[in-house]
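The chains carry the letters A, B, C and D, assigned in the order they are written, with residues numbered from 1 in each.
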Amino acid sequence: MPGSEFYGNLMFWIFAIMAVAPGLGILLCKDIVRQAFWLLLSLAGFAGLYFTLEADFLGFTQVVVYIGGILILFLFGVMLTHRMDIPLKDVKGFNLVLPGIIAAGAFLASIFHLIYHTQFKTDGAQETPTTIKEIGEMVMSEYLLPFEVVSVVLLVALVGATYIARRGDEEA
Amino acid sequence: MISTLASSLNNGMNFLASSFFTSFPSLANFLAQEGTEKVQEATEQAGGIGLKHYLVVSGLVFTLGIMVIVMRRNAIAVLMGIELLLNSASLNFVAYSKFLANPIEGQVITVFLIVLAAAEAALALAIILNIFNNTNSIEVAEADSLKG
Amino acid sequence: MALNLTWLTFLPLLTAGIVLLIPSRNKGLIKFISVVGTVITFIMATGLARMYMEAEANPEAATGISRSADVMLREVYIPAATNGLSDELRAKVEAVVPKTTEEYKALEAQEGAIAALETDLGAEGFKAWGEATELTLALDAEQATTLRFVELVPWLKPFNINYFMAVDGLSMPLVWLTALLGVLCLVYSWTIDKGTKAYFVLFLFLETGLIGVFCALDFFLFYVFWEVVLLPMYFLIGIWGGPNRIYAAIKFFIYTLVGSVLMLLAMLVMYFWYEPHTFNMLTLMQLGPEIPLNAQLWLFMGIFIAFAIKVPIFPFHTWLPDAHVEAPTAVSVVLAGVLLKMGGYGLFRIAYPMLNDAATHQGIVYMVAILGVINIVYGAFCALAQTDFKKLVAYSSVSHMGYVLLGMAAMSYTGVNGAVLQMFTHGISSAMLFLVVGVIYDRAHHRDLNDFGGIATQMPWYTGIATVGFFASLGLPGLCGFISEALTFVGAWDGEGLINSDGYTGSSIDSQWMVWVSLLGVVLGAAYILWTIQRVYLGKLQDKYKNFKDVSLRELIALVPLGVLCIVVGVFPQWFILDHIQPSLKVMTDMIRSALPVVGAGG
Amino acid sequence: MPESTAAVELCKLALIILLLPLGAFIIQIFFSKKLPREGDWVSTVAMFVGLCMSLKMLFVDLFSTPTGITVQKWFPAQDSIGKFLLIGDPANPAFRLDFGIQVDNLTIVMLVVVTLVSFLVHLYSMGYMHGEVRYNRFFAFLALFTFSMLGLCITSNILFLFIFWELVGLCSYFLIGFYFEKKSASNASIKAFMTTRIGDLGFFVAILIMAYNAGSLEFDKIFESIANGTWKDKSILALGGICLFIGPIGKSGQFPLHVWLPDAMEGPTPVSALIHAATMVAAGVYMVGRMFPFFVGEGYVTGDWWGSEPLIFVAWIGGFTAIFAASIAFVQTDIKKVLAYSTVSQLGYMMLAIGCGGVAAGLFHLTTHAMFKALLFLGSGSVIHAVHSNEMSKMGGLWKKMKITWLTMGIATFAIAGLPFVLSGFYSKEAVLTTAWAAAKMNPGAYTIPFWMGMVTALMTAFYMFRMFFKTFHGEPKDKKAFDHAHESPWTMTVPLGVLALLTVLCGGFKFINKSDYWFLNRMDSEILAPYTHPASVNATPVVDDPEKHVHPLPFTDGRVHMQSQKQKEFREAYGLGHGTVTYLSMGAFLFGLLGAWFFFGPNSPGSKKDMLAPEAPLGKALKPLNHCLVNLWFVDAFYYAFFLKALHVIKDISYRFDKYVVDGIVNLQGVLCKAISSLVGIVDYEGVDGTVRGIGKTTLSIGKFAKIFQTGKLQQYLYASVFLAVGAIGLTVAIYLWVG
């Protein structure tokens, strides 16, 4: 059987493509729902990449939180803002297409230039122990404060979102 | 300024190409079964999946995210673009943590990042709903009442 | 109402207060009260003058009349000065204050005595003691022998300024003249009906200021009264004046103010820089030698310019014609009669005695003399060139004040007496002339000399009085003008003056050419006066003057006393006035000439 | 020296004479309207009483001894008002002036002359001025004039003399300008006052010199200080003398300052008679006579009077004025102008006499001249009164109509021309000329020319006086109408004429009354010689009687011996010898003058028939240039007017313009300057400070506007912009990195 790297590399390329390609999809297709599904694919690609980086916990959380939670949220959003009299198709108008491409190209070029030229001082692939324990320790020890803050942020977001959304009902 | 942009673009392209194709010759080397550590460098030099690859990927996804936000006119599409941005960033974190001294830190940050992304998405959607309720349209262009 | 200087000075102010209370509707009452006020002031002034004369005649008898200087010092000043201290300290201070200069010298002789005193009296007590001693020394000095009716009360204690009023030969005639002119002017301005109340209040205010200026012997008090005079004059000219009154009033005010600022500066310099920090003029006079010569020269120039503006002396005189032309008659009478004398009086009281080194400096003597001569001749020429009656009289005042300077520069006994008498006589004659102009102006409402003619036929009595006035200012013997002119010239020619080029004897102005030129000024004076008489009074009567009434009672009351005074001073100068001002002028002249290295004999 | 009771009596009398006219003046001024005849009798009576008193002094005192009385002095109230001026302590006064009275021969003579002429003029003007508009005012001024003239004569010090001197000038100003409606009258009065005032300037300086050098102003004190050497500054004595004489030049109308006298004829004739003939102009002569020792200066002690410059100056001015004025009198057509110039000429005579050392001769001439000149003026007054015009062209042949005036004026004309041995004029003129002759002997260089000037003037005087006489009274009446209603004047005018005529004759006769020769001269000389000749004066010797040299000692009765120095002795001898020649010469001058006048202007003389002097006649044409000069008064007036008056006007305009534009300009400039500076500061403040503040405001606004463009409200554009910024940042860091690296 070919060496383990071979499969690792292979897996990387598959997931890489899986992550990048749907971006174009979102960009091009008109229907908002299809866009959502392209996003789904891209997220999955990301989860795969995490696995190639031996960040299995992350992979799982990615799948559960991102795809399971946020994507579904998006769909609800689409459904709620969907109005019968307006076709789902995106209405042509404010065309920033050309400038957008230029901006993206410029950005891409500068990122690649940086990546290409900087000599990253990497210590080589590290043996990553089972991440879930390590992560728990880290969160509970070094990153205790951010953990608390994040919990507060979540609470605020939750309350805020419901408040904003509901306020709309009152008015109506 | 344009010449530097052009040169860095083809560097990027041939780097991708070289790394894509060198992985196969390394496959050939591999086939020749030298030592694993040598294989480690070999994959390093020989186009094994290094840090740069991940960076390139996240750069590409990031750019796509920007294009989506800029070009799409639907608010939710914009949100999706934002999600792409966030994911590419978190990928970077994880990639760095993989290739740098303490492998776990990056991942912890990514966890936090994901949590924040969720909160942000919820809020964004609530705002969009509100805009939708008020103006019956979620065209990004029309919501410019904050104009100067 | 005791007969003393304070009452004399502030009675007009009191009348002004009463007049203020009267509603401005009944003008009659206002006029009546103010005239009564000035008449009482005049009676008091005459009484004081009478007493002054008796005091001159037999000094011993004088003590009965008014408290003499050191009694005033003992009973009034020291208790007032020390009332801030504790009782036992007051007793101690009073006991220790030396009675006479010898006593002080003895005290000073034994060293350590004063230091000992300082310790046991304490700072506060020692300060009061110092001031009291300084005053005793001042009042004991030679200059103070002729002072009468002394009023001495501490005023601003922290700055050692006290309310020091007194009168001597130099200021008595001027005070009396102010009181007299005050009465005459108020009677004359009986016809003022625009803002009567304001006019009379300001006039009384002005009179207080004037009497105050002549009686003040504390430099600070002098300065205060000097400014008090300035203010009402500004309003009187500014409101009741002629067409161009604003310009004239402002010019007058600023000109005098600039001068008084210079004086203030000199005053403060003398107060702060030199040892016994005091404003008391008598001590400052004794202070003279301590001030170095060039400092004295600077101070002298400052004070001289301040008074030069007032006198007025040549380069600073241009405000006078404007002020006179625009001022109402009564105001210009007071302006010419008394205000100009403030300058001369100031020079005699302050500039010369206090800074006698500078005053007797050869350069200064020549400057003052030459300015005097210029004043006489230049004033006469300008007067010749006038077509406006009042401006002509104004320029004649400039010319006549030149004699004062000439007499002063000579600094011989006769010269000084001549100068002081000239101030008095010019006060009378110019007051008369301005009244004369006023009478004709009230009828013809214009002052163009070439437009008059033949008034003598229409108004004989008026012409008679006017002729007396004109010939008095011309310097005709038998009238007051000649006496002062003759004395001034004899004084100026007099060999016993100050300094001349070849050493310190001989006439102060050395070359007699100055007297020759000034005599030319006298002849020119005769020219423009006679020419004016011809243009106004002689010649054929123009028909538009046909219906002029002759002099009215009001105008007669104003003019006749001055006319009589002219003749009396002209015929009996020594008996009437010179006898009384003589001693104090002699004391002052000796003091000033004492600065001379070789004392000129008392010629 | 305690005044003797006699002296006090005499001085009191003099004081009364003085105060009488003053009283009259005061009464006249205040109460004239209420008095009958407007109070003209008040001053006339006062004058008459004064005249009687002075006549008493004349006959009682002057005749008492051959040399009259000695100097009597009295100070009325020296401790109170009499102490006129006292500066410094009484013991050693810086300046002292007391009102004192001094009576001596000279004063008595002057008192008599003044009061007499004044009384007669008063009497005369009652008639002449009758009906005038300010009749009472005229008499008031006459009284005031007499008061000041008398005061001048009896004061005992020079400054009081100056005071009365100016008062006299004032009265002449009033009287000349009496008809002040006429512009020419008021001009003449101003001219008179100004000219005398200029003269007084010199007089006053002389007083100043005396006050300083002699210490006192009393006459005797001054002369003593010269005599005993206490005079401080000898060099200034000469200058003092000359300055002192400038006074009389002005007052008595001597050469440079004579211009006012002819114009003074504008006044009424009695005024001319009193003031410009007899008294005021004589004041100058009196003063020179009184101050003779001062003029002589040093010479007074040594007796050599003829060396001192002031005296020579006096003689020369006197002589020149005499001849100068006489020449102008030739061509005058106005009768009063002729008399005016003749007065100037005669005054020149008196000055010449005193200048030559003959004070007595000068004063003798003054007295006689006063009589006949007053007579001439009053006579001309009555002629003018009759003909109503001054011009001689209107007169002629009046002797038929006005017998008394003709007779009296005839006597006066003969007197002034110098009819030998009969009339006073001859004696006084002869005395003057003899003095001049003697002085010429003493100091030939200085005095010969003045003597000859005097002699020529004698001839000219006779000529023009008779010219006037013939033109007025003889020949055909030129103006028929005027001649017809000419009539003799009323008694009030003719009586004074008669009295004066009588006196003119009498004055000559002194010689016969009490036999002693030179009655008048002895009294005057005693006056001048006795009290001041210092006994110890250098080589003074007693006078010995020497008949053939006409030298006679002064017959003092009070025990004094007539001392005189060598020079004096020579002078006396020359004077005695001179008598003869001078008498003949003056007789010749009289005859020639009379014949010449008769020839040209006589009633039916060849000259008048053929009218020799007409411009076209040969003689007339020859004299044309001279005539032109004379008519224009030798251009003196024109010169004065062109030079002095024009200069005065120019200077006054310049000085006033200077004062107005330069001195006042500077003051106003400062005002303008302050305004300019303050407005400048205002602008700076508004634009500068405020400007910047507003600027900041504006710029922020514009920035704001500019920045607004970016705030489009479109989300995507923000992202678009931020991408670019990111790219820029990356580029920048790379650039820096490369640059640094």
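The rule is simple: a contact is a pair of C-beta atoms (placed from the backbone, for glycine too) under 8 Å apart; a residue touches a chain by one contact, two chains touch by 3 or more.
If you're wondering where the values come from, they're calculated on a predicted model, not measured in any experiment.
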| item | value |
| --- | --- |
| Centre-most chain [mean C-alpha coordinates] | C |
| Chain pair whose interface holds the most contacting C-beta pairs | A-B |
| Cα-centroid distance, subunit A relative to subunit C, in whole angstrom | 107 |
| Distance between the centres, which are taken as Cα means, of subunit D and subunit C, whole angstrom | 38 |
| Centroid distance [mean C-alpha coordinates] between subunit D and subunit A, Å | 135 |
| Between subunit D and subunit B, distance of the C-alpha-averaged centres to the nearest whole Å | 133 |
| Contacts with 2+ other chains: residues of subunit A | 94, 96, 99-100, 103-104, 106-107, 110-111, 113 |
| Set of subunit D residues in contact with two or more other chains | 714, 716, 720, 723, 731 |
| Sites on subunit B at which at least two other chains make contact | 4, 66, 70, 140-141 |
| Chains grouped in pairs wherever the two touch, ordered by label | A-B, A-D, B-D, C-D |
| Complex interface listing, subunit B residues touching subunit A | 4-9, 11-12, 15, 20, 23, 26-27, 30-31, 39-40, 43-44, 48-57, 59-68, 70-77, 79-81, 83-84, 87, 90-91, 94-95, 97-101, 103-105, 107-112, 114-123, 125-130, 132-134, 136-141 |
| Footprint of subunit D on subunit A - complex, ascending | 94, 96, 99-100, 103-104, 106-107, 110-111, 113-114, 117 |
| Subunit D to subunit A touching residues, read off their complex | 714, 716-717, 720, 723-724, 726-727, 730-731, 734 |
| Subunit B to subunit D touching residues, read off their complex | 1, 4, 66, 69-70, 78, 140-141, 143-148 |
| Subunit B partner contacts - residues on subunit A that touch it in the complex | 2-3, 5-6, 8-9, 12-13, 16, 19-20, 23-24, 26-27, 32, 35-36, 39, 42-43, 46, 49-50, 52-55, 57-58, 61-62, 65-66, 69-70, 73-74, 76-78, 80-81, 83, 86, 90-91, 93-94, 96-97, 99-101, 103-113, 115-116, 120, 122-129, 131, 134-135, 138-139, 142-143, 146-147, 150, 153-154, 156-158, 160-162, 164-165, 167-168, 171-172 |
